[in-house]
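What follows is a pair of complexes built around chain A, which joins chain B in one and chain C in the other.
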Partner chain A sequence: MHFQLAWRNIWRNPKRTVVIMTAIIIGVWSMIFLGALMRGISDGMVRNGIATLTGHIQVHHKGYRNDPVVENSMIDPEVVKTAMERVLPAGAQWASRVRVNAVANNARHTAGVTFVGIDPAREARISFIGKAVTEGRYLRDDDKYGIVAGKALVDKFETKLGRKIIMMSQDTDREIASRAFRIVGIFEAEMQSTEKQFIFVTKTAAQHMLKLENGISEISIILPDQEGVKQVADNLRAAVPSADYEVQTWRELLPLITAYLAIYDGFMYIWFIVVFIAMGFGIVNTTLMAVFERIREFGLFKALGMKPRWIIKEVLAESFFILLIGTAIGNVLSFLSVFALSGNGIDLSALASGLEFAGMSRIIYPAIYSHDVIVANLVVFILGLLVSVYPAVKAARFTPVEALTHT
Partner chain B sequence: MKKYSMAKKIILSLWLVLFLCGLGADAKAQDAQALVKASFNYMRGKTSISTVVMTIHRPDWQRTMTIKAWTKGQEDSIFRIIAPARDSGNGTLKRGREMWTYNPKINRVIKIPPSMMSQAWMGSDFSNNDLSKSESLINDYTHTITGTETHEGKKVYVIKSMPKPEAPVVWGMQKLKLREDHIFLVQEFYDEDFQPVKIMTTLQIRMLGGKLFPGVWKMQKSDVKDEYTMLEYKELVFDKDLPDRLLTLSSLKTPTR
Partner chain C sequence: MNIVECADVKKTYQQGKIVVTALGGVSLSIEKGGFVALAGPSGSGKTTMLNIIGGLDSADSGRVTVNGSTLGKMNQSELASLRLHNIGFVFQAYNLIPVLSALENVEFVMLLQGVPPAERRERAKNILDDVGLEDTYNRRPAEMSGGQQQRVAVARAIVSDPAIVLADEPTANLDSKTGQGLLEMMKEMNEKKKVTFIFSTHDKMVMDYARRLVLIRDGLVAGDEIR
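Presenting the complex of A and B:
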C-alpha cells in the first residue's frame, strides 16, 4: 500500500520531483562517466607503458636495472630460454633485446638515446614498434646498417629516410664503439618522448657493434592473460639461477604507473563521496519540504490509526522511487556517453606536451569497470535512502494535534 | 734527429678531423690519397711541443687561453692550459681513441664517455671527436683531386673527400685545399645535403719549428657569423724526444709539466 501511496505522492508535485531526479541523474552520470574517463587514462598509461618495451615480465642480468651498461648483459641467454619454455603458458610471446644508452650523431646534431637491438619478427609481436613505422619500412633480419628512428628525433636532427646516423656507445672492451647506420624507417609513437628516446637496429647489428657476441640486455615477455602475471613471474624466478638473473613484472618495472593507479583509485572514491554529499543535501532538502507540506495529511493518517513505522516506510518509498528512476536514467546516459566516445576517444593532441609530462596518451578511451559502476550505484542508493531517514522520522513524529494546529 | 716534418699534435688533434694536409705533394702526387696522407704526416711530425693561444670568439664575448701541448706519434697527445690562472692546470690526455680530462680544482681525472665526445672541447668550436678521431680523414674517406689553384706562388690541390659507405663519420663530404708543400690551407665540412657546416682555414704560413707551418688556425661555423675559434702558435718544436711517462694519467695530474 505505501508503494502505491508513495508513487502517487511523488507525482503530486512533478516539478519538484523532476528537479531532484535531475540532480541524481547528473550525479550518477558524472560518477560513472568521469570514473570511466579516469580509468581510460590509467588504462592508456598502463597499455603504453607495457607496449613501450616493457612487456608484462622482464628478465635481466642482475644489476642491469640499476646500471644499464653493456657489462651487465646476459652473456648466455640459453639458460633463460630453456626456463621460459618450461614455465610460460601457451600463447605467451617473448623477445630478447640489446638495450644500452648511446649517443646519436649527425653532422649538425647530437642526442642521447636508448639504443635498442631487436629481433624484428619477435619484437613486432610484443611491443609498439611493429606497427609504429609510418615512413619507410620496419627492420628486416638482414639489415646490417638499417636503423629505425622516431619522427621527433628525425625532425630534430633535420634528417630523413636514407640519411646516416652515427651511433656511439661503450662496447664490452670499454672502448668507444661507433657505427654508421642509415635510416630505413621512421616510427611514430603515442608520446613524443618515446620517439625521441628510442632508436632501433637489428639485434645482430647491435651485438656486432658492441662486441657482445650472443649477449643480450633483456628479455621481455607478453602473457596472453594479464591476470596471471605475478604467478608466472614467480615461477620463472624460481626456474632461473637467482644469483645471475632478475625477473620483474611490469608493476615493479613501472613503479610510477603503479603509483598512479593507486592514486586514481583513491581519487575516484573521493570524487564519488564529494558528488554524493552535494546530492545528499538536495535529497534531504526536497524530501523535508515534501514532508512539511503534508503535515496535515500525516496528522490525518495518524488520527486514522496509521503506525509511525508505516509513515517512515512511505516516505522512504518515495525516496526509493526517485533514486531508482534517477540512477537508472543516470546509468543509461553514462553508458551512452562512454559508448559514443569509445570509437574515436577524446583526442587531446593539442595538449600533447602537457599530457606527456604526466605520462598520458594523446587519445583517451573511456573504460567502464563494472566494480566502479556498482560502487557508484550503491553509494547513491544506500546513502540516498539513509539520508531520507531523517525527514521520514520527522514525518512519523507529527501528532494529530500538531497537525490540527498547523495552518 | 732529423727535423723535417712535425706536426703540432695539438693542432693535430684538434684539427685531425678538421683538416688534413697533403704532404709529399710535389712531384707526382697525383694520387690524392697519398697526397692527403703525406700532408697529414707533415703537419704532425713524430713528436711536437708547442705553445698555442686559443681564442674563442662569440658575438658578445671572447675568451683567450694559452695551452701547452705535447704530441707523440699519430695518436697520443697531452694538453695543458697554462693561462689564464683561473683555468691553469686543466688538462686533456688523449691516447689512441680514448680521452681523459683533469680538473685541478676537484683533483679528478674524468674519462670522456661517448656521450661527451660530440661536445665542444673547452668551449671551443672543436669537438672532442675532432681530437679523438683524427685519423678518420685518412682511414674513412676516399679522396679525389677536383682542381688546382695557386697560393703564394705555390700550387694548391683542391680535394673532395667522400666518406666510405659504412664509415662511422657524420660528415657527408669534406673539401680540402692542400698546398704542394704539404701545408693544409682549408678543410671544409659538409653535411649529407652538401651544405657547409664548418670550415677550418690556416693563415700566416711561416717557418715554425724548423719548417713551413701555418701560424694561425681558424675554425668557423658556416651558418653563424662572428663565431670562431682561433689557434695561434707561439712556440713550436718538432721531433724532440719525449719520455713515455709524459703521456700518462699521472702526468696529466702533475701540474709541473
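Presenting the complex of A and C:
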C-alpha cells in the first residue's frame, strides 16, 4: 500500500506532476539524443581518420614518422610480414604502401600532394580508396602509368580522365625523380582536403619511380575488433626489432582526433550535469511543494505511529515514480529520435568546409552507446532521488502537533 | 489498574514574546476501560493534556505514564511505536488520508503494524461493518459525509485493538444526531472491546455520555466526577 499511496499522491495534482515529468523527459531525451549525436560525430571522425589510410595500426621504419622521406623506408619488409603472420588475429587485413611527399603538376597547375603507391587489391580491403572511385576505374596491378586522383585536385588542375599528371619527388639517390602518369580514375572522399591531398598509383610504379626496389613506407593494418587494437599493437611491437621499426595505433597516429574524443567525453558529462542541475531544481521545488501542501497529513502519519524513516521512504517513493516514468518516456523518445535519423543521418553538407576544418563528416549518424545511456539514466535517477531526500527529511521532521494544527 | 498516570504535568507555550501556561501542574490517573471526558472551555489545556498523553507533544516537567511506559524517557521513534501499538486517535477534523478509500484508511494502521494483507482486509471490513459503514468500503473521504468520515476515523482508531483511544472534540464538526450516533457507537466499543476512551470536549452531550468527567480550567484540574 506504500507504493499505492505514493502513486495516488503524485496524481493529486496532475498538472504539477506532468510539468515535472515533462522536464525530466526533455532532460533525459536531450542527454541521450545529444549524447548520441556527439558520439555520431566522434565516430565519424574516427571512421574517416582510420579509413583515410591510417588503419588501426601502422608499422614504419624508425624515424619515418618524424621525417617521412624515402630514405626512411622499410627496405626489407619481410621481417614485419613474418611477425604479422604470428601476431595478427584471424580476420585482420593489411596492406603495404609507398608514401612520400611529392609535387604534382600539369601544364597549368602545380600542387604539393601525398604520393601513395598501393597494392590495389589489398588496399581496397582496408581503406576508403577501394570504393571511392566515381569516375573511370580503380587501379589494377599492371597499371604502370595509371594514376587515381581526387575530384577536387582534378577540378583544381582543370583536367580530366585520360589526361596526364607529372609526379615529382626525391628518390633513394636523393635525385629528383619524375614520371608522367595518366588519370585512369577520379575518386571522391568524405572531405575535400583528402581529394586534394592524396594521389594513388600502384606500389610497383611508385617503387620504380623512387628506385625503392622492394622498399615500402608503411604497413597499415585493420583488425576485426577495434577493442583489441592496443593489445595487438603491443604484441606486434614485441615481435619486430624495436631498433628498426615503430608500431603505432590509430590513437597515436591521429592525436588530434584522440584529443577530440577526450574533450567530447568530458563535454558530454558536463552536459549531463548541467541538464541535471536544471532538472534537479525542478524536482526539489515540486517535491517541496507537495510536502508543504500535505503537512497535516504527515502529522497524521506520525500520530498514527509512522516512524520518520517511513515518511522519508514515502516521499522518496513519490519521486521514484515520477523519475521512473520520466526517464522511461525520455529513453523511448530518444531511441525513437535516433532510430528516425539512423537511415539518412543529419546532412550538414551546407556547412562542409567548416565541418572539414573540424575533421567531421558531412553526414552525422547518431550512435547510441549503452554506457552513455546507463550513465544518463543513473545521473537522473540517483541524483534525482538524492535531491528528493531534502524535502523528504523536511516532511519527516514536522512534529505531530505542529503538523496537525497547520492551516 | 490505571492505564494513564500523570503527575504534576506542566507545559508552557511561547506566543511571540508572551509565555502562555497551558498546563500548570496536572496530576491525573485514568483507569483501564474508562470512558473519560476532559472538559473545559477553549484554551483550558484539555487538548494539550490529550496531546501529551498521546505522545504527540511533550511536557516541560512532570511524569506521564501510558500503559506502563514513561513518555519522558522515550525518543521520537519509541513514541511512534507506542502510538502505533497502544493508542488510537480520533480528531475533530477527521484527518483521513484523502487518496485512500474508507477500507484502505482503516487498513493503514495495520499496514504500519505489519499485519498480513488478507488479515488486515478482513479486520478492516469487520470493523467498518461494526460502525455501520458496510456500503462505503471503496469510497474516498471526499465522497463521504462528515459523520461517515468520523466513523471511519473511529474504526481506524480501534481496529488494531489499542489500549486507549484519544478523541479530540470528536463531535465538534457533527450535527447533534450524528454526534449522538457516534457516541453510542464509541460507548458500545468501550463496553464490547474494553478499550479506554479519553475525550477532550466542551460538548455537553459528550460530557453526559462520559462515565467520568474531569474538568480542566486554566491548565489545572478543577473537578473530577465519577458517574
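In this text, the second predicted complex is superposed on the first by the 404 of 407 C-alpha atoms of A that agree within 3 Å, B and C clash if a C-alpha of one lies under 4 Å from a C-alpha of the other, contacts with A are read in each partner's own complex, and residues count from 1 in each chain.
The definition used in the following text is that a contact is a pair of C-beta atoms (placed from the backbone, for glycine too) under 8 Å apart; a residue touches a chain by one contact, two chains touch by 3 or more.
These numbers were taken from a predicted model, which means no experiment stands behind them.
The superposed arrangement places chain B and chain C next to each other on chain A without a clash.
After overlaying the two complexes on the shared chain, residue contacts for A:E227 are found with neither chain B nor chain C.
Contact with chain C, but none with chain B, is seen for A:P400 once the two complexes are overlaid on the shared chain. After overlaying the two complexes on the shared chain, residue contacts for A:L300 are found with chain C alone; chain B is out of touch. Judged by the touch definition given at the top, the superposed model places A:I166 against chain B, while chain C stays out of reach. Shared-chain residue A:R12: touches chain C; no touch with chain B.
Contacts of A:I176 after superposition: chain B is touched, whereas chain C is not reached. Legend: residue contacts after superposition of the two complexes on their common chain; A:G112 is shown touching chain B, with no touch to chain C. Of all Cα pairs spanning chain B and chain C in the superposition, the closest are 84 Å apart.
Interface residues of chain A, counted against chain B in their complex, comprise 101-103, 105-108, 110, 112, 145, 159, 163-164, 166-170, 175-176, 178-180. Listed in rising order, the residues of chain A touching chain C in the complex are 1-2, 4-5, 8-9, 12, 296-297, 300, 302-308, 310, 399-401, 404.
Every residue of chain B that touches chain A in the complex is listed here, in rising order: 97-98, 113-115, 117-119, 132, 166-172, 189-192, 197.
Listed in rising order, the residues of chain C touching chain A in the complex are 51, 54, 56-57, 76-77, 80-85, 87, 89, 91, 95, 97-100, 104, 107-109, 111-113, 156.
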